[in-house]
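The structure appears right after this line, and notes come after that.
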Amino acid sequence: MIETQGLGKIYGRGLYALRGLNLTIDKGEFVFLTGPSGAGKSTLLRLLLLQETPTEGEVIVAGRNLSRLSRHEVQAYRRTVGFVFQDFKLIPTKTVFENVSFALRVLGTAVEQQRRRTYQVLKWVGLQHRLNSFPEELSGGEQQRVAIARALVNEPQLVLADEPTGNLDPDLSLEIMNLFREINAGGTTVVVATHDRELIKWVGRRVVQLEHGQLAGLAEAPK
Amino acid sequence: MTALGYAFAEAWTSIRRAGRSAAVSIGTIAVAFITLGGFLMASVNVQRVLDRWLESAEVSVYLVDELPDEVRTALELHLRQQPIVAAVEFVSKEKALARFEADFPELQDVATAVPQNPFPAAFEVRLRPEEAGGPDVDELTAGLSGRDGVADVRYDRRWLTRLTNVVRTAQLAAAVIAGVLMLGAGFTVAAVVRLSLHARRGEIDIMQLVGAPFSYIRGPFIVEGLLLGGAGAIVAVAVVALAYTAAARWLGPDLAGFIGVAQLQFLGLREAVVMVGGGFGVGAAAGTVASRSAR
Amino acid sequence: MTALGYAFAEAWTSIRRAGRSAAVSIGTIAVAFITLGGFLMASVNVQRVLDRWLESAEVSVYLVDELPDEVRTALELHLRQQPIVAAVEFVSKEKALARFEADFPELQDVATAVPQNPFPAAFEVRLRPEEAGGPDVDELTAGLSGRDGVADVRYDRRWLTRLTNVVRTAQLAAAVIAGVLMLGAGFTVAAVVRLSLHARRGEIDIMQLVGAPFSYIRGPFIVEGLLLGGAGAIVAVAVVALAYTAAARWLGPDLAGFIGVAQLQFLGLREAVVMVGGGFGVGAAAGTVASRSAR
Amino acid sequence: MIETQGLGKIYGRGLYALRGLNLTIDKGEFVFLTGPSGAGKSTLLRLLLLQETPTEGEVIVAGRNLSRLSRHEVQAYRRTVGFVFQDFKLIPTKTVFENVSFALRVLGTAVEQQRRRTYQVLKWVGLQHRLNSFPEELSGGEQQRVAIARALVNEPQLVLADEPTGNLDPDLSLEIMNLFREINAGGTTVVVATHDRELIKWVGRRVVQLEHGQLAGLAEAPK
């Protein structure tokens, strides 16, 4: 599903945020991405979404080289990816419902189905009672769950989640992970960047560890 | 179609939620257009005054005394046939004397002291305004001077040429100023829409990252610019119309006397439509620019 | 003092970092002031033309023939002493005839046909512009009519009263328009500064939560508004000055002939200073409003 | 140091975010605030900073009733509090250095000392090499550390930290907690809202648990 070859990223100031990364993630895999602060986890995920362009190397997702996509193909590609941003990136001028249903709207889904599916996903994350709130009226954890709902609403082939439980209590975190596992069981590839060792232990999947922008260790977690 | 409906619905929601900020934007756009509209109205009216002045441009063709009627009629016909001539009036010797006495009452003595009427009969030829001061007039006067029965041709060329130059200059200046004001209004509308939407640029990036097509991302911004600009222009036209009504009521009589035009004239329908259309257009363009993504 | 220095340093950094956005704001403010400045320049010049017209308002005092010199001198003295009189010129019978011949060459015959010079000598009295058309003039003319040696007093009161009314109306209209433009410019500056700073309102809240005193929070915003507004106004004055130079060079000769004033006049120093000061003031006020906290 | 009496907060929509809270925190104490997402942790901390005003009840900090403070007193009070916001609240138009030193600047600290102290605090959180970066050029964890540095830079009497380690890896989280402990040892009262049970266990201090805006249990943690 995902293959990176010698992937590197240098931001303006000249330091490698990511360097010579060769990584393969199979279709239907559930992978944790971990490593200290500033290791390059978010950078890797951003490159997978094409939010940033690589400085060197290639990213191949579902057999297609991301750097060769046209603008329209990029849009179409992003619509098949569910992304939970580390800073949520909710649209402040839209309500919870609008923020989530927007991802369906751009797919041209019928209005009635938009409504139904949005409600369903918000129920999964326990926010069905906050449909008409604006993001700034939510607690940190509630905002994070809206971001998760938006990533899952259009049944993506690939879910990329950047620290999706940083603002959630342990019980909720496990619930969210169960949600990810269910989606993963349906064939969706899931990549989760997290610092939460408990969570990684509990879910028990493959862990990719980054350090200073490079792979630090590849460990097959116990099944 | 769906995207269009979506764009309008989104834009409307956004303007409604923006509230005071949107009102400030519309107000500022209106101010820009009020300035432009006010200037256009003023220049339309000044133009009418100048037209009136030029309309009264006359060539006087003095006739020799005791001219046979058929020569006079032939001359009149000749004059009327000229393309640059708008009207011809015959002023007899008696009428010329009467006019002089009316115009210069303190010289009554002079007129009566003269044994016989010294004033010649004349044709007063009114020219088409657009020709007055032009080269064709020179041709006409030159041609007339040699004609049978014509004693003299007087045309206050110097004065008229000067007036024509001034009018032309004024028209040029007005066009330049109108152009500058138009640009200024456009610039203001664009800047205001851009500033209004700039704050929401983050949204565009977010939408792009969610994979929204450009039409979904930019549509609402463009429509929002369109609506802000159009609303501003409509407010402006309304304000100018009100100002016109007020001016016509309170200043009308005074001004009308001076400018010699029966009534102040409002912006033409065409100008109003152009203004409102311009508001919509500039707003939409500004929305397009403002919604241009960072990447 | 520290807070003030801080405010300026911060505002400057902020404008520098805002880059294009700040340039757009300054440009928009400049457009507003250019409109105002252009109008002020136009109306200063029109005012001069009208003054010139009023200056040429004259009362003609026709004298009886064969007036003894001492009566004439006494009359002249009397006229010069009137507070509303600006200048007095004596026109002899000969000069009056010469003028008539020059003004109406086609009536040469009439003049020569008359046995003796029919034109009376006269004093031409120029009035102070501010008095022309006023009630004191009526008093003066009434007083003169009965005087020894005076044959007639002519004063084209109707025409002058009308002109005076028009000038007064025009002045009123100009004041109203200037006021509206001033308000409009102020509104535009305020709106632009407000929109520029609105996006950064979050910062104000953050600063407040850190316990920053108001002077530290609002100072930079107010100074930024001040700088944006002032810069816009300075740009505007510069543009108007350039436009004036261009107009004076290319249109000056034509216009000067028409308006009867030797030269176009630039905005007075006072107007320029008021404009720039207004820019600074409105900008600062807008910054103050924009930085008003949500709470 | 902190005393709340019947403290309640209702946001616009009419639900209690906090209800009848009676809580006492002594001077020099180190207290953890925990509870599920939406329990009211952030609301309580916001009330302590006067970011929100209580709907009912009183908050007394250092003997002074917060609702009776004048605007100037509020400013002066806030300058004695170090606050780590859950969403960081860094000023996007200022650099890391400016964001942190700002808290000293408003105290009228000498420029040289501002510089020295800011550098010191940024070194504590491991960001001395990113002084001139803007917040958006930092990773999530780096931003969070800037927020922590800002809270500590002016040696406050009271530190209120809302989920200060949600974006940090476990090792860094412990380092930050050690920092808080050091500051606490110097006499500063510290209140930390967190979901991280490991951290609470490791630090071993009093825990206040909130649920649906009310106290769920008061547990003296083992010394």
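Each chain carries a letter (A, B, C and D) given by its place in the written order, and its residues are counted from 1.
Here, contacts are C-beta pairs under 8 Å (C-beta built on N, C-alpha and C of every residue); 3 or more make two chains touch, one makes a residue touch a chain.
Model, not experiment: these values are computed from the prediction.
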Farthest chain relative to chain A (centres taken as mean CA coordinates): C
Centroid distance [mean C-alpha coordinates] between chain B and chain A, Å: 62
Once you find the CA centre of chain A and the CA centre of chain D, what distance in Å lies between them? 29
Report, in whole Å, the distance between the mean C-alpha point of chain B and the mean C-alpha point of chain D. 67
Where does chain B touch two or more other chains at once, residue-wise? none
Taking the touch definition from the header, please name the shape of the chain graph: line, ring, star, complete or other. ring
For a test of understanding, state which residues of chain D touch chain A in their complex under the given definition. 11-13, 34-38, 42-43, 86-87, 133, 137, 139-142, 145, 162-163, 166-173, 195, 197-198
What residues of chain C sit close enough to touch chain D in their complex? 2, 6, 14, 17, 200, 203, 206-214, 216
What residues on chain B touch chain C, complex-wise? 21, 24-25, 27-28, 31-32, 34-35, 38, 62, 106-107, 109-111, 113-115, 118-120, 152, 154, 162-163, 165-166, 169, 173, 177, 180-181, 184, 187-188, 191-192, 194-196, 198-199, 247, 251, 254-255, 257-258
Tell me, which parts of chain D touch chain C in their complex? 49, 51, 71-72, 74-81, 83, 85, 89-93, 102-103, 105-106, 108, 150
